[in-house]
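There are structures below to look over.
The following pair of complexes shares a single chain, chain A, combined with chain B in the former and chain C in the latter.
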Partner chain A sequence: MKYLLGAACVCIFFVQTLQAADKNMPGISPAEDQKSFVEYFSKRFPSVPFQEFGNGIYALDEGQRAQWEEIEQFPPYEFAVDAGKALFETPFANGKSYGSCFENGGIGVRQDYPYFDSGSGQVKTLELAINECRENNGEKKLKYKKGDIAAISAYMAFTSRGELLNVKVPDEPAALAAYQDGMQFYYEKRGQLNFSCADCHVQNAGQNIRADSLSAALGHPTHFPVYRSKWGELGTLHRRFGGCNKNVRATPLDAQSESYRNLEYFLSYMSNGLEINGPGARK
Partner chain B sequence: MANQIKIRAKQKDGIATVKCLISHIMETGTRRDSKTGDIVPAHFIEEVTLKHNGKVVMTANWGPAVSKDPYLSFKFKGAASGDSVTISWIDNKGESQSVEDTIK
Partner chain C sequence: MINKHKKITNNCLIVTVFMTAWLGLCGSAFAQGENMESSYKQTLGLALQANEKVMVLEHQWTTVPVLLKQAEDAAGEKDFARANEFAAEALKHAELGIEQAEQQGQRWVNAVPR
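Now for the complex of A and B:
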């Protein structure tokens, strides 16, 4: 009973601080948040040029970068991009194709995702849009973590290489709420190990975690979907979210669940201005 | 998707560097099907041959330890731009593939 009261007090306090009129409170102004986010990492890693952050740990560690550069000479995701292109260009049973669902025929649009759809009041990610396209054309949805969805997403990302990530949070309460929800998820502790995403990727970016190294949060979404050597195949961002949650022994959420979409929304906004470099190759 | 071989061959000062990415399932034969519990049959490349102008310059004997979609990089002397290189493989099921390219 006392515990419940205490928790309720904390909740009210947190909500009140979020609603405070102070523009310096995190979550109130996404643009200000993004500025501080980038400033933090620039100060932490002063020798790393801004655009290099899209390369994750390979921007921070020379030895690992050398290995990655060799892999990139003949990237393992090439087959998947070819497969994705073939899937993208194959028409549905009704004769229409993916291109009809997207701006510019779906070519060079990756940098505009995710976006807040005011009509349905939710964040739409690229993978969600791909499946919506399928459903609207009488096809079954694809599974969200790997396989065909990753291949199509990889091809679309590939056509956007070099474009700057340009996620927008419109000045609407629902959009801001989704952004704040993503931000809250990022900084909340979770799991048996009681870590937040920020504990590893903000506070301890560049440090080792057992035998591996932690990449910086800045630049995280730009190279997805990703070919992870560990997976031996492509996987989507939400596949990785689930994996990370499992790593801290928290129950993973479903790919494309509202929480993960809001999380992707927040994370992507923080990386605005970085080049799309997907699909990427990682350990 | 059918097997593919992507190949890039360059030469510098007479030394050719051939890099290729071979799509192949490279099934070890020790994994079990998650639904039936049966062993997934072994299916992996056993031999890779690289020919330069028709002459074999490299033979590789692979096995189940090589991962899916293997990447191979190989250098050899005595190459000139315009020469042909052919990479071929045979797997334990007797399937094979071969691709030819010109050294740049």
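Now for the complex of A and C:
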């Protein structure tokens, strides 16, 4: 009996130790992950206030910030926001409009996206929701990388400026799995150059890669969709994911593929608490 | 007269030897071409198989489709030696992508800031 009691105590001790170790494993506790993520960047860039991370590389480089501030005096995305507003307010053939598909008529809701939809067991991004809204109202889907969908998304982001990113990972195995999948994608090396997203935007944030400065991962999703001078137009976050993948010679996935949506889910959760400042202007 | 006959016979012999050698060379070149085509097809099959796998793993390198296209183009020009080289390179890159996916499936956690 004594031995049995002793063995049981040892077992309980081991189980508790394993559970504690599990909680420290990345991906097990999103809240812990986010805390470590923010702390990492706060230590790397102690002079940069938390909210400044939403400004990407312009929070880290004074020279580039000055140029960007001048660009922002006549924002290159302004026309797209106007076009997005017009599209958003134009009724579908059935008389309904985008506003009927979203909470608060779609105004000031950007900060709640992406979210995990327990019904479908999938991550819903804003662009996916826009297209679902169209389909539910008998309209054709829009292409996901640029054009009208970027303009509508830009208008919706514009109406959400100043709201704090508030992405939730519900306590459901499927939601946690989607979050973990996105996290793994972010830290996995890929492509012929063997680079992960994190290699550039976590470990080497603030450094130069050839003539470009690498922005910090913290705050990345707050300013999308974005007008890139390189593109000469507005593009969605998934278009940017594809571009980054191509840069390391990894074949990009389809915009709004499950993996990219999970990636957006993870990345957005990491930036929780930062203000929505989209659409943004970038090089 | 006998000398003339002998000369003709010698000439015939020489021509026959040359013809045989030429036919032999042609035959071997043909056989080599056949071999090259079949080994290209075999390599291409392996490369396509590996490419399918690496795509499922979402770790395809952008070099693979390019190399496969180059292999296809070279085969279209009946240059099976070059086609085989491109297919072999595509296979190598696809296999490296698979290896990368397998390794990173374990190692990504080490890169997470804690």
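Criterion: the second predicted complex is superposed on the first by the 262 of 283 C-alpha atoms of A that agree within 3 Å, B and C clash if a C-alpha of one lies under 4 Å from a C-alpha of the other, contacts with A are read in each partner's own complex, and residues count from 1 in each chain.
FYI, a contact is a pair of C-beta atoms (placed from the backbone, for glycine too) under 8 Å apart; a residue touches a chain by one contact, two chains touch by 3 or more.
Bear in mind the structure is a predicted one, so any value in this text is a computation, not a measurement.
> Please determine, from the superposition on chain A, whether chain B and chain C clash or fit.
fit
> Looking at A:51, would you say it contacts chain B, chain C, both, or neither? Reply first, second, both or neither.
It touches nothing on chain B or chain C.
> Please indicate which partner A:232 is in contact with in the superposed arrangement: first for chain B, second for chain C, both, or neither.
The first partner, chain B, only.
> Contact-wise, after the overlay, does A:249 reach chain B, chain C, both or neither (first, second, both, neither)?
After superposition on chain A, A:249 lies in contact with chain C alone.
> Between chain C and chain B, which one touches more residues of chain A when both complexes sit on the common chain A?
C
> Is A:188 in contact with chain B, with chain C, with both, or with neither (first, second, both, neither)?
second
> Using only CA atoms and the superposition described at the top, report the least gap between chain B and chain C in Å.
20
> Shared contact residues on chain A for chain B and chain C?
None.
> What residues on chain C touch chain A, complex-wise?
Interface residues on chain C, with respect to chain A: 55, 58-65, 93, 100-101, 104-105, 108-109, 111-114.
> Over in the complex, which chain B residues touch chain A? Could you list them?
1, 4, 6, 8, 19-21, 23, 67-69, 71, 73
> State the interface residues of chain A toward chain C in the complex, per the touch definition above.
24-27, 33, 36-37, 39-40, 183-184, 187-192, 194, 196, 198-199, 202-203, 246, 249-251, 253, 259
> State the interface residues of chain A toward chain B in the complex, per the touch definition above.
Chain A residues touching chain B: 71, 73-74, 76, 78-79, 82-83, 232-233.
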